Amino acid sequence: MKTKLGAFFPELLRHLFKKPATIKYPFEKLPIPKDFRGTPVFHSDKCIGCMICIRDCPAEAIEIIKVSDTTISSDGLEKPKKKFKMLLHNDRCIHCAQCVDSCPTQTYTMNTDYEIVAFDRHKLKIEYL
Amino acid sequence: MAEFRVPIGPQHPALKEPISIRMTLEGEVIKDADLKLGYNHRGLEKLAEERNYIQNLYLTERICGICSHSHATCYCQGVEKLMELEPTRRGLYIRTLVAELERIHSHLLWLGIAGHEAGFDTFFMYTWRDREVVMDILEIISGNRVHYSINTFGGARRDIDDLQKQKILDGLKILKDRTKYYLNIGVTEPTFIARLAGVGKISKERAVALCAVGPTIRASGVSRDVRKDDPYAVYDELPFEVCTADTCDVLGRAVVRIKELMESYKMCEYLVKNLPSGEIKVKAPRRVKEAEVISRYEAPRGENIHYIKSNGTDKPERLKVRAPTLANYAATIEMLKNGFVADIPLIFAAIDPCICCAERLIELVDARTGEEKIILSSDLRKWSIEYYNKKTNCSSLRAKSSEIIWPL
Amino acid sequence: MNDEKIINSIRDKLQTKILDLTNPAPRRIYLKVNPKDLLDTIRYLRDTFNFTHLATISGLDKGDNFEILYHFANEFTVLTVRILTPRLDPKIPSICEVIPGAILYERELLDMFGIIVENIPDPRSLLLPDGWPQGIYPLRKDWKYERPPEIIPDKGNK
Amino acid sequence: MAIVKTLLYLFVYPGLIFLFIYSTFCEWFDRKIYARLQNRIGPLHTGRAGILQPIADFIKLLSKEDIVPEKADKWIFSALPIFGLAIVTTTAMFLPVWHFSTSQISFNSFSGDLIVVAYLLTLPTLIFFLAGWHSTNLFSTLGGVRVLTMLFGYEVPLLLAVLSPAILADSWRLAEIAKFYQTHLVLLLPNIIGFFVALVSLQAKLERVPFDIPHAETEIVGGTFTEYSGKKLAFFRLMADIEMVVGAGFIASVFMAGFPGGVIFGFVNFIIKTLVIIFLLAIMRALFSRMRIDQMVNFSWRYLAPLAVLQLLIAIILKGILL
């Protein structure tokens, strides 16, 4: 194989006057793609309590708790529909969005939060009512 | 010159993951090497037996961070066969596209690592910068950069629209130019070549006998590639060639990988341009009848094999995973013998190790007695807390701690 | 060379040694033999059909027996040789003399199932830590991993 | 008063404090150039454009836990960084930048100081070897052995390369060599081979890519510095930085006609010329991959040493013709 001493030299000099490729992360951020999987969001009005999300969640990060047997709808009337709340253990969540896929009633959506670091794991629990 | 033993790992700057190799050296020459695994054994095969098929999909994806798609696809196509499910063609195309993009990102990563291990950080920086392009493409398609989670039983989870197609083609164009540059100019740098050529030799016969896989065996002149031998997904429709080299050394492995990059670009362009219309997935059943299946997949590092046995419930009876790196260890030991200390990281990196294999361990060597023992991480943590408590007490009692000697 | 040819020639050659020979899917052949015939079978397969590549060895806990599967591959097909060994006295011959690359898989089998591999060149533990108790094999079905309770440390209480 | 002057001379300018500031600046410059060549930004956040980053690194290392291995000889282990620092700062005194004339013989400019500087620049290598040897770590020992093996490779070419300008100038005194070339600028050209040989040797002396074999992190962890931490490592790093400045100044005074123009212009000259050399060293660092120890020794005896001898021949012949 032919060799050439200092083969990278032209490339190096070219880069000396080129804008660095580094993105100064906390100051500038990349655009978030269309299908980005951030943190799951729970819409309690749609939940029917089938618990399929708990069965399918690979990280066991979801807890669904029954709050009451009736729901107050937007027009102020009480309906005989069970109301559930969801407790998301975001410290365990792997952001796979399987809950979105599994849910038969589209109760879940994914938001675009990705800066979810915390010093305390307790603070990572999210309660959706 | 006297023989002495040098431990490489479990913690070593050249290794990105824990593995222990004991080297017996004579001067700078390696006389013998011995391997110890299990520093990162996560008991994944046992865990898989306690989880249902959908949960396991994400579990297998987390076997490895670099080739996450390979394990998930391998598992997924195995389970699809068990379910007797025919995935949609559009789904398969998207799956294959992600697989090839992953190969590109893995090979570019490897090139960078090879440069870094050889002390050529400029090459490392350039290839990793270029790798960002393909990472961005993967992010556009799947929504995430590392764990794409594009697979589901019966197809793919995300669709590709025209805008994304255009972005993929644009990115591939940039990458093609850069890879050509590396192939034509990058590997003519004599100091770099001198580190790669003739290092880590393994003959064709030995490589076959030791069951090496992937670019390792292809660089020894054996065209073993699951994509051709046992076509899965849509590889039987794709135009590509199996790249081989016959130099049997690290340079050959690098050349094989760069050529495979070119093949992958070709395949990706074909896949994007010929993407069939239709649904991306079909609905999958939850339970699987009793059967067994062997699923093979050509990961960037080599052949990946999953053996899945079902028992009629929604959980597998047994999931056996063999990652390509394990298959290459035997060959690596062979390569290391009679090499130089300076070549250890290169030889080891040349198989592109991805150490995906319950309890974490730390090895301690007592400096006074020379005694070696392996302890559990929980014990080490206890020790360290005691040590620091003792130390802070000391320094609060006496102004000058006896542990710190400093002549100023 | 296709599956049918391989199956026919295996039938002709091995005859009574075959306990079971199936071909459930294209490019997948399953062959069941007795442990004592294992080495001869593998040698025959290697020399005639170029089954030099041992993809992996899988162990399977079937209650009273352990099933060991040797997955071989050549350019055309995957052939799985299957043997059974009793749980109370699990012994299999080592195939390292025929396939040198089998050593790591056999050591893994030794660690994970406690199957004694006879004539293995290197019987040391490969994956399990040094202090792992004797007689406990993680991948046997009677061993269950008990998950320790998850303790999330409070802030300030390190 | 003379004592105060000497103390100022030793500790403030051009002694420790000046060298500390200038060498950290040079490290920043080197890192910035290296980063830009690799299409990165380099140090950014500490100070303007990260200019204080090397000082921040130094202070951070000072505050880190300082560990001495149980089996190591504690006194030698701790004293080595100080010795090293003392040696390179002493060497800096001999550079013909600081206020002295060529006519006068003083304690830091005398006939033969060229040899003294070359000798003093060898000592840090020995310090590195002793540091590796006294750490009693396998990797450190390996690194120490590599340091010595390399020393035999590059020391001879470096000495031969700096000899030829001295022969042409007919002096063994740095200030006089510089003075000679200031009046005969054309004569710098015949020394161009020697300049590059010296540059490569200096790179090897500074143990930077492609010659960072003694502390190649992917092979032998930290090499000679594996067991060093905290303050001691900080001093070693400062020592390496100062060595870079001194080495660059040494080459500049021999091959680049020194630093003419009195106190202020001479000083500006010094800064510019050392930065040019450091720039060249940074390019070299980005351009090549690390060599193996056998390749390095092979390279220096097969190419560097003959080139240095050739340079010597050119100098001798030229001297016969011209003078």
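A few points about this structure:
To keep things simple, chains are lettered A, B, C and D as they appear, and every chain counts its residues starting from 1.
Note that in this section a contact is a pair of C-beta atoms (placed from the backbone, for glycine too) under 8 Å apart; a residue touches a chain by one contact, two chains touch by 3 or more.
All figures in this text were calculated on a predicted structure; none of them were measured in a lab.
When each chain is reduced to the mean of its CA atoms, the one lying nearest the mean of all protein CA atoms is B. Set against one another, A-D and B-C show the most C-beta pairs in contact at B-C.
Of all chains, D has its CA centroid at the greatest distance from the CA centroid of chain A. One simple way to say how far apart two chains are is to compare their mean CA positions; for chain A and chain C this gives 40 Å. Centre-to-centre spacing of chain A and chain D amounts to 53 Å, using the average Cα coordinate of each chain. For the pair chain A and chain B, the distance between C-alpha centroids works out to 26 Å. Residue positions of chain A touching 2 or more other chains, listed in rising order: 6, 8, 12, 21.
Annotation for chain D: residues 37-40, 286-288 touch two or more other chains. Contacts from chain D toward chain A in the complex involve residues 33, 35-41, 44, 283, 286-288.
Of all residues in chain B, those touching chain A in their complex are 51-52, 54-59, 61-62, 122-123, 126, 129, 132, 136, 139-144, 147, 149, 152, 157-158, 181, 185-190, 193, 197, 251. Per the touch definition, chain A reaches chain D in the complex via residues 6, 8-9, 12, 15-16, 18, 20-22, 24. By the touch criterion given at the top, residues 4, 6-7, 12-14, 28, 115-123, 125-126, 129, 189, 191-192, 194-195, 340-345, 367-368, 403-408 of chain B touch chain D in their complex. Partner chain B is touched in their complex by these residues of chain A: 1-8, 11-12, 21, 30, 33-37, 55-59, 94-98, 101-102.
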